[in-house]
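Each of the two complexes below includes subunit A, the first together with subunit B, the second together with subunit C.
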Partner chain A sequence: MRERSWTALLYLAPAVAFMGVFIAYPMLWSFYLSFTRYNYVYDPRPAWAGLQTYRDVLQDPVFQTALQNQFKFGIPFFTIAFALSLLVAFTLTRISRARTPLQLAVILPMIIPPSLGAIVFLWLLEPGFGLVNIAWRTLLHTRPPEWFLSPALALYVMVPIFVWEELAFPMVIFLAGLQTIPASLYDAAKVDGASFWGELRYVTLPSLKPTMVVASVYLITQSLKMFDLPYVLTQGGPANATFTLYYYAWTRAFKFYEMGQGAASAYITAALIVLFSAASSALLSERREEAA
Partner chain B sequence: MQTHGRGGAKIDRRTFMKLAAGTGIAAASGWSMPRAGQAQGGTLRIGSESWVYKKFNLKEWGTRFGVAHKVGVKFETLPDNDISPELLTWPKGRTEWDVIVVGLPLFVAPLVGQDLLVDMTDFIKAYGEDRFVPTFLRDIKFARGTGWYWPMVPFLGEVIGVQINTKLYRAAGLVDAKGNPKPIPAWDLGEMIDYFRKLSAVTPLKVGLGLDWDTEFALHNYLAPLLGARGSIYSKSNPRMIDLESPEAVNVLTLFSRLQKEKLLFGDIAPTAGGSALSNFKAGLIPAHATTVSRAIESAANLGAENVSWIFWPGADRHGSITYTHNAFIPKVSPNQKLAADFIREQVLSLPAQVWTFNNFGKLPSQREAYKRVKWFQKEAEATLRIASISTFEPKYKGIAKLGELFARETQQAIVKGSDPAEALANIRKGIAAQHIDLTLLGYTGR
Partner chain C sequence: MTRAAQGGRARRAAPYAFLIAVAATFVFPLVWLLLTSVKPEREIYGYPITILPRHVTLANYLYVVTRLAGFRRFFVNSVVVTGASVILILALSALGGYPLARKSFPGKTVLFGFIALVIAVPWVIYLIPTFVMEDALGLRNSWLGLILPYVALNLPWALLIMRAAFIAIPQEIVDAARVDGAGEFQTWLRVLVPLTIPGLATTFLIVFVFIWKEFLYAVTLMTESQWQTLPVGIIQIRAELQSLAFNILSPTIIVALLPIFIVFLLLRNFVMGGILGAGGFGKE
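And then the complex of A and B:
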């Protein structure tokens, strides 16, 4: 056993070194910074502030706005992305024609960098000559809305854009989940006289619970990490209407050089990701146990 | 002693120790190889933002320098308005660039504050400070001890104004008998709105004015008309604080707010690189666009020189406008400081380079002689030189980034949500206090 451990250590060493340098060390250092006041331009070193940095962030009206915006954005995004990815996956298991084009249409956005995707939509929704607005004017003969200039609209306009960007991965997860459901369950359901909706309700959805947990965690994480769209499209405006938690962390760390605040807000966001993911997982597990 | 590898293969201890030693030697050798940031003898390393390569043709001048001096030249693109790469390496004694050719003093100020830049005062004096537009040199003065110095060299300037589509101006009847565009009326809001309403009537999008109002340009496009209206951008009650309270300040915001309310405004809050208002202007869809006047020459490539010009906000002929510079600077940690200085002198400040950038992209040369040699828009160029010479630059507050965010947020509320402009300005004043925004001035405040 001792002899094996040498070999194991040798093979593990590069990976451990990599993780130590590029993951563990930055995490530990940023966690420390989150308890300090540190402007890396003007301060020679971080100054310990304890929980005060976290208090400053939580009490910052801009952070509170960003948090509200996350809910306003996250709830419709999660609902639409979850339902749509499940629908698309389900459709893909049922059709043979047009299967490949549909798969491609959903998966292609996954390989486009999010910032480039944002620029595509910036041009599609361009007030003067964007295709969407030209179609709007032509068909409806009215002035189109100011998509990114309207505080009421700007954040919600980002929902379908982000759904388009993020649909592929949960769809693939659901597709994999659907393909693992034993055919015998459907056979048994048919024998018991279940209709299409009955199969869906009593066989498909319960069997997909573990998959749903994975998809939910992914979508929650992605929605809380949304950064590219406000960065490219609106700079968090108009009037902070599209300020998100990640955008907040970025502005504090890299525009204001306040590393302590940036780190603290990043860890608060991470805590929210863990919290919502755990809640989602517990909710779905509860329902699975009840069903069992 | 023997160890078991994968699949049960045995490795003896001696072999293991040899492998471990070999790995260690390889790692140590890698450590001793040239790292990023180390000097490369005989090569000038130039850093700049992507737009400078395009609008200043930097690669051309750099390549010429390399050929003339028989040195290698390496170009690298830097992120826009972001000095993090410099901040993270220069204090540690390393640099990946010998010269940076871009940078507003406002954004470069932290590098100056940390004393990371080579003093260029003697360079400019030897070159001839009279050759430069005086305002551009004032913009880059920084305090040192009881005096001041120049830690950078201006190579381009910008002035805030309004680029106009003269074809649409003619269609709207807003030209005089000689065909010159009529200026924006001076600060009767009713007349001003009427002016833009006339323009909107002849424009496909039915708007009168495009307005850049992102976190950077919001301040430019607020302070420029304010300066014209009042002759100062500073508060009467606090001369170091920008004016956020005078009736003229409220008027500026009210104008934009009312234009938006009457659907005469084409607002653009995306980063200026996105340029929605600029793109629509270039497409002939909006008649006027409040931005840097250099954009007009870019637009001339689409609309034709005969259909483009630029004007300034009322009062600019007496008080100037808002101006800022782009600069070249050399890190103290560069081992190629002389080479970098030679490059700035021979290429960056060369008249061909200065004239090229105006002729192709409207960027203002930093040297007066260049204005006599431009190939077109001579009348506008001379007028702009006069305006630039009496213009003002924005204060280099330590907390300018926070102020920019607060300012953009509150003024966007006033403009797009229709909240009270006076209240928006009051909220900014309160926000400065509540957020402890540092208004220490980094630039030199004397004359």
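And then the complex of A and C:
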């Protein structure tokens, strides 16, 4: 039985105070700032500018490049991370030996600070002595590409690195999702004479739909929040080719001290996160109705 | 051997082959980092390349630990900031998780709202006002300047995990303690909290990892090198050393990862539950 009491609030008060001061209050203040002109170095206080701040951001060519980059990066990242995490989780349920070490190996990058992981990849791709480039020269007898110096390539080099960093969470929830599918469903499919592929098509994948929603929302959110990799690897370059929306918002606020524009672009990013998350869950649940 | 038997063996071997390939690819960058860190400089930057070190040396480590004063400072900062934040989060989530689990008031909706805010909202939204606030209060470039926001940002999932831990306790245990005449706080401290130790372990693992690796707040609020934590400080070291510095950088990264590896190995039984709990899927 749950009991009512006022002392309950005393237990929660310190936690609520922390979250109020550093989450709720800043969120509201940022929302106000996103409608102001506020250069932290020159302006004594924010000046109301209305929607002009959003207009300034949307018309900034760097923002537009960042928005395009977000799609160029996000689509391959999402596709690879979604498919690979599902495949790894599925194959993990099909084996009996060495499951724990194989699973831990895939989870491992999750505990590495992304900025330090980025340095490891810088070392592997170092022009003269990086292992990848040495292997490339030895095996292909041609000059390897200049990974992070090439505007056409730099953004795509970050895709496998980010997959390496982010695969653990979707993999673990797919694994949990697979383990909650009742054995009776598989038994019923066997009675109906379903093949391996039939089982996959009519039992496993439909049962995973709710998990797929969670995994896709997570992956969309993470790709729209990518910051550490462009900061460490390229500082948004070459020629703005690796500017992400998040990195753009950060540079507006903390390199140029345009706090209003920083807040406005951060809110645009948040709106895109909500929009794409809602779209992906709607898409997945629609398919479920079709299948039913 | 019949063809069918061969086919069966291939089908059973295929998942292993795939998983071993993925696992090897995922671990390889760290193995290469470790190998680099124990090679002498002339092997790191020499032709032809050596995969396994011909001479194993700890000279790089010795240099980093004894001569690189900045690195020691970064390590201390990481330990203090992470340690203090984790202790505060454990205490506050053990307190707050109790009423969330066992009392009736409209806190659940609020909590799930906060979790959604922290997971989905780009942290730079909170960071901009936090920067202005901390600048006004003189908290930038201080341990407290990181500890306070870290506690707030990691509390939502800590509260969720601790709430699940308190829900799992049978009501009879609480009733028995009450019959023995224990007050509410005494019951919480002496009877309930010891029963939530698995929940506390999961919370510890998750928030330790999140705070140890945090970059965005640290790089923005700690602009003076003496206050930087390892994920930011090592980037600073790299910037100062310019390009060919991996004989120095590789041991700094390995040392920076050691505490996280130790926590991960000690609490490996809580890893799966922790990842699920942190994502907002704590069991009811």
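A few notes on this one:
As a convention for this text, the second predicted complex is superposed on the first by the 287 of 292 C-alpha atoms of A that agree within 3 Å, B and C clash if a C-alpha of one lies under 4 Å from a C-alpha of the other, contacts with A are read in each partner's own complex, and residues count from 1 in each chain.
Keep in mind that, in the parts below, a contact is a pair of C-beta atoms (placed from the backbone, for glycine too) under 8 Å apart; a residue touches a chain by one contact, two chains touch by 3 or more.
Everything numeric in this text was worked out from a predicted model, so none of it was measured.
Shared-chain residue A:Tyr267: touches subunit C; no touch with subunit B.
In the superposition on chain A, A:Phe254 contacts both subunit B and subunit C.
When the two complexes are overlaid on their common chain A, residue A:Ser277 makes contact with subunit C while staying clear of subunit B. When the two structures are aligned on the shared chain, A:Val214 is found in touch with subunit C, with no touch to subunit B. Of the two partner chains, subunit C is the only one that A:Leu124 touches; subunit B does not reach it. If you count the residues of subunit A touched by subunit B and by subunit C, you find the higher number for C. When the two complexes are overlaid on their common chain A, residue A:Tyr40 makes contact with subunit B and with subunit C alike. In the superposition on chain A, A:Ala168 makes contact with subunit C only, not with subunit B. In the superposition on chain A, A:Leu116 contacts subunit C only, with no contact to subunit B. Looking at the shared chain after the overlay, A:Phe22 reaches subunit C, while subunit B stays out of its contact range.
Residues 3-5, 7, 11, 40, 119, 126, 128-129, 232, 254 of subunit A are contacted both by subunit B in one complex and by subunit C in the other.
Those residues of subunit A whose C-beta lies close enough to touch subunit B in the complex are 3-7, 10-11, 13, 40-42, 62, 119, 122, 126-129, 143, 146, 148-151, 232-240, 251, 254-257.
Interface residues of subunit B, counted against subunit A in their complex, comprise 1-6, 11, 13, 16, 19-20, 23, 82, 84, 87, 110, 113-114, 204-206, 214-215, 263, 266-267, 269-271, 274, 276, 279-280, 283, 285-286, 398-399, 401-402, 405, 408-410, 412-413, 416-417. Subunit A makes touch with subunit C in their complex at residues 1-5, 7-9, 11-12, 14-16, 18-19, 21-27, 29-30, 33, 40, 84, 87-88, 91-92, 94-95, 98, 101-102, 104-117, 119-121, 123-124, 126, 128-129, 131, 134, 164, 167-169, 172-173, 175-176, 214, 218, 221, 224-225, 227-228, 231-232, 246, 249-250, 253-254, 259, 262-263, 266-267, 269-270, 273-274, 277. On the side of subunit C, the complex with subunit A involves touching residues 15-16, 18-20, 22-24, 26-27, 29-30, 32-33, 36, 44-45, 49, 92-93, 95-96, 98-100, 102-105, 107, 114, 117-133, 148-149, 151-153, 155-156, 159, 171, 184, 188, 209, 212-216, 219-220, 230-232, 234-235, 238, 243-244, 246, 249-250, 253, 256-257, 260-261, 264, 268, 271-272, 275-276, 279, 281.
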